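Going by the order they are written in, the chains are A, B, C, D, E and F; count residues from 1 in each one.
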Amino acid sequence: MHSIGKVAILTVLGQPVPDDVFQVVTGQVGSMSVEKVVAAVETAAKREGLIAADHYRGEHALYHAVLEALHGVCRGQLELGSILRTAGLKFAVVAGPRDADRPEEGHWLAVALYGYIGAPRRGFEHEVIGLGINHL
Amino acid sequence: MHSIGKVAILTVLGQPVPDDVFQVVTGQVGSMSVEKVVAAVETAAKREGLIAADHYRGEHALYHAVLEALHGVCRGQLELGSILRTAGLKFAVVAGPRDADRPEEGHWLAVALYGYIGAPRRGFEHEVIGLGINHL
Amino acid sequence: MHSIGKVAILTVLGQPVPDDVFQVVTGQVGSMSVEKVVAAVETAAKREGLIAADHYRGEHALYHAVLEALHGVCRGQLELGSILRTAGLKFAVVAGPRDADRPEEGHWLAVALYGYIGAPRRGFEHEVIGLGINHL
Amino acid sequence: MHSIGKVAILTVLGQPVPDDVFQVVTGQVGSMSVEKVVAAVETAAKREGLIAADHYRGEHALYHAVLEALHGVCRGQLELGSILRTAGLKFAVVAGPRDADRPEEGHWLAVALYGYIGAPRRGFEHEVIGLGINHL
Amino acid sequence: MHSIGKVAILTVLGQPVPDDVFQVVTGQVGSMSVEKVVAAVETAAKREGLIAADHYRGEHALYHAVLEALHGVCRGQLELGSILRTAGLKFAVVAGPRDADRPEEGHWLAVALYGYIGAPRRGFEHEVIGLGINHL
Amino acid sequence: MHSIGKVAILTVLGQPVPDDVFQVVTGQVGSMSVEKVVAAVETAAKREGLIAADHYRGEHALYHAVLEALHGVCRGQLELGSILRTAGLKFAVVAGPRDADRPEEGHWLAVALYGYIGAPRRGFEHEVIGLGINHL
């Protein structure tokens, strides 16, 4: 009934998600540095065991999923402070089947980012969302 | 309590959104042509009166919001069929204040797109989301 | 007779522009940091009252106009020093109707950037121009 | 006193440019196809002898100059009709020294594009400019 | 001693590659349509069994690898005919370990593209290469 | 028999290339800064006389060739450390005819980059290649 992307989005929005077959990690990061967003997501996912810490394979999958999610957040250029904007983001990383009822497609990862982007001044910002999905 | 982007995202996901100060239009479009996605969203928004049909100003605001939402969907290149992929999308267009409790910032537009992207073959696809926000 | 973009371009090139319905601000900025170009334009436009300093709305309009102008300057990547190049730019920000004879389309902003881009070495550079236009 | 880029921009805007050391070709093209813009510029430049018709070298220089100019026009994606927009453009191609007083840097090309971009509906558009410069 | 990317590049260049642990498929495709390049590579890889034909997972891995290789070929915009250029390409798809001596990182895919890009006129072209690598 | 791009690629891969009409320079650079890659290539090419050190023309040709090669390496965003990745690259710069048997097309430059890109952690990386070609 649930798909991995929807679970990631609802979770990052703080909506209830039924107990399910997915592993979920959440966190938040505010930064003018894109690399800090990437690092925050990777650190959380490794700490909670969604990807193995000692192999490149899972990190490669997660890295590309995070970059894809950042395309939705940045909408054209993967840049924050270097073009004078800052982001305050919540993130959710989800591991599991692509769809709860399609286990035959193996293990996948979804990264959802949601929050605000704008000038480095309180309230001068609007919402953004991004989702990246990759096979694990 | 509600912000325009969250209203757009929850609506496009089919989640309940409390009655509110926002005007909302929804629809869906499946296509290998990016321009058909843009056209479907614009047509719906004009038909329901979210933007004026006889002035460029509102269309300009909506056009850029749709393109920004498409960045989240396409993650790098605003292309579908031309790079051999197709998308089946639901959309929600929302007009109103940027945040329900910040009327002093005037009128804004949010466009949320959610659905599946993939090869032109049933089931060979994964989820995508995009959100574009613009002042009206 | 005049359109907002042409007024911005002629002004940034130092050409005479007939007294008109437009508000115009000019300045210059040399930098290897894209964010300094954005900041210089925003600071000048606020100081001269082309956009309100205490609301996000006008800053949002100007920010996207500056980024669009930077696309013409950077031609592919909104980066300067990070890809080993520097820019010396004049800028003009213009507020007013989109065309002098189309007041019914409301208030718009145009940002023109003109100058030189190149290696961080005197004379190793060529000209660039960029124009961004947004509804205010 | 004159630089190749400024000559191209003033020419495309219909401003007077003093008789000079530069070779200049102008034309116009309206299209939803980026390739038609490229073709119109190349055809005019070859017909007037700004680049040789029987060697690739000059065409390579011009092609990249046109693409760079199109970045200013398109601001993010080199696409027109495929993202539901159309452009009506004037163009100027200029060949000569990079600056009138720097002949030691050899022969260069400048391509300026100026006009309107927008929805495929009269008046639903705003101005754009682009400039590409390349060594010949 | 061999890495998957080097095997793909040497193969696409027609260089000898020692018998090895890798599965290799080659082909060629000339087109003004990016989607035909993608399709040619996918068809060959499926026909030779480098990815399963009945699951999305392998196609997803290959699709992203092809797009990454196309970035090297297209250098900025994943477009061919739409910006008035054509490509004549050879391709090699390789499946196996990331490095012949690192089997613990699992199965990977490499796609190499090599050939000529240029105007739709014989000889008006120059060489291009691209490589995309993904975990399978 | 040889083309400038193939000579650059084979050289950067450490393959034997027959004595020929081309001038070749090689080197290596590891960095999280794109500008250091550009600088390393430019410095080597000037030191060995492939481009003149006292004119902009050759540097302009080389600069754009390096950026084009970096598109193959970066596959979407010309960024390294700013998106939390690092690259260890070998480079080859080649000057000469576009093809050994087409001297009538004049002098060209090719820049090939080959190496590994990945997380800033040993072994967490995969191969990349890039090639940029420009008329000199």
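A few comments on the model shown:
Throughout what follows, a residue touches a chain if its C-beta (ideal position, glycine included) is under 8 Å from a C-beta of that chain, and two chains touch if they have at least 3 such contacts.
This one's a predicted model, so the numbers in the text were calculated from it and none came from an experiment.
Of all chains in the assembly, those touching chain B and also chain C are A, D. Common partners of chain A and chain D, by the touch rule above, are B, C, E, F. Compared with chain E, the chain whose C-alpha mean position is the greatest distance off is C. In terms of their C-alpha centroids, the spacing between chain A and chain E amounts to 29 Å. Centroids built from CA atoms put chain F at 20 Å from chain E. Centre-to-centre separation of chain B and chain D, using mean CA positions: 34 Å. Residues of chain C in contact with two or more other chains: 56, 60, 76-77, 79, 82, 98, 123, 126.
By the document's touch criterion, interfaces exist between A-B, A-C, A-E, A-F, B-C, B-D, B-E, C-D, C-F, D-E, D-F, E-F.
Residues of chain E touching chain A in their complex: 55-57, 60-61, 64, 98, 104-106, 134-135. By the touch criterion stated above, chain D contacts chain B in their complex at residues 76-77, 79, 81-85, 118-119, 123-126. By the touch criterion given at the top, residues 3-6, 9-10, 13, 15, 68, 71-76, 98, 102, 108, 110, 112, 114, 123, 126-133 of chain F touch chain E in their complex.
Put simply, chain F touches chain C in their complex at residues 33-35, 38-39, 42, 56, 59-60, 63, 67, 70, 77-79, 82.
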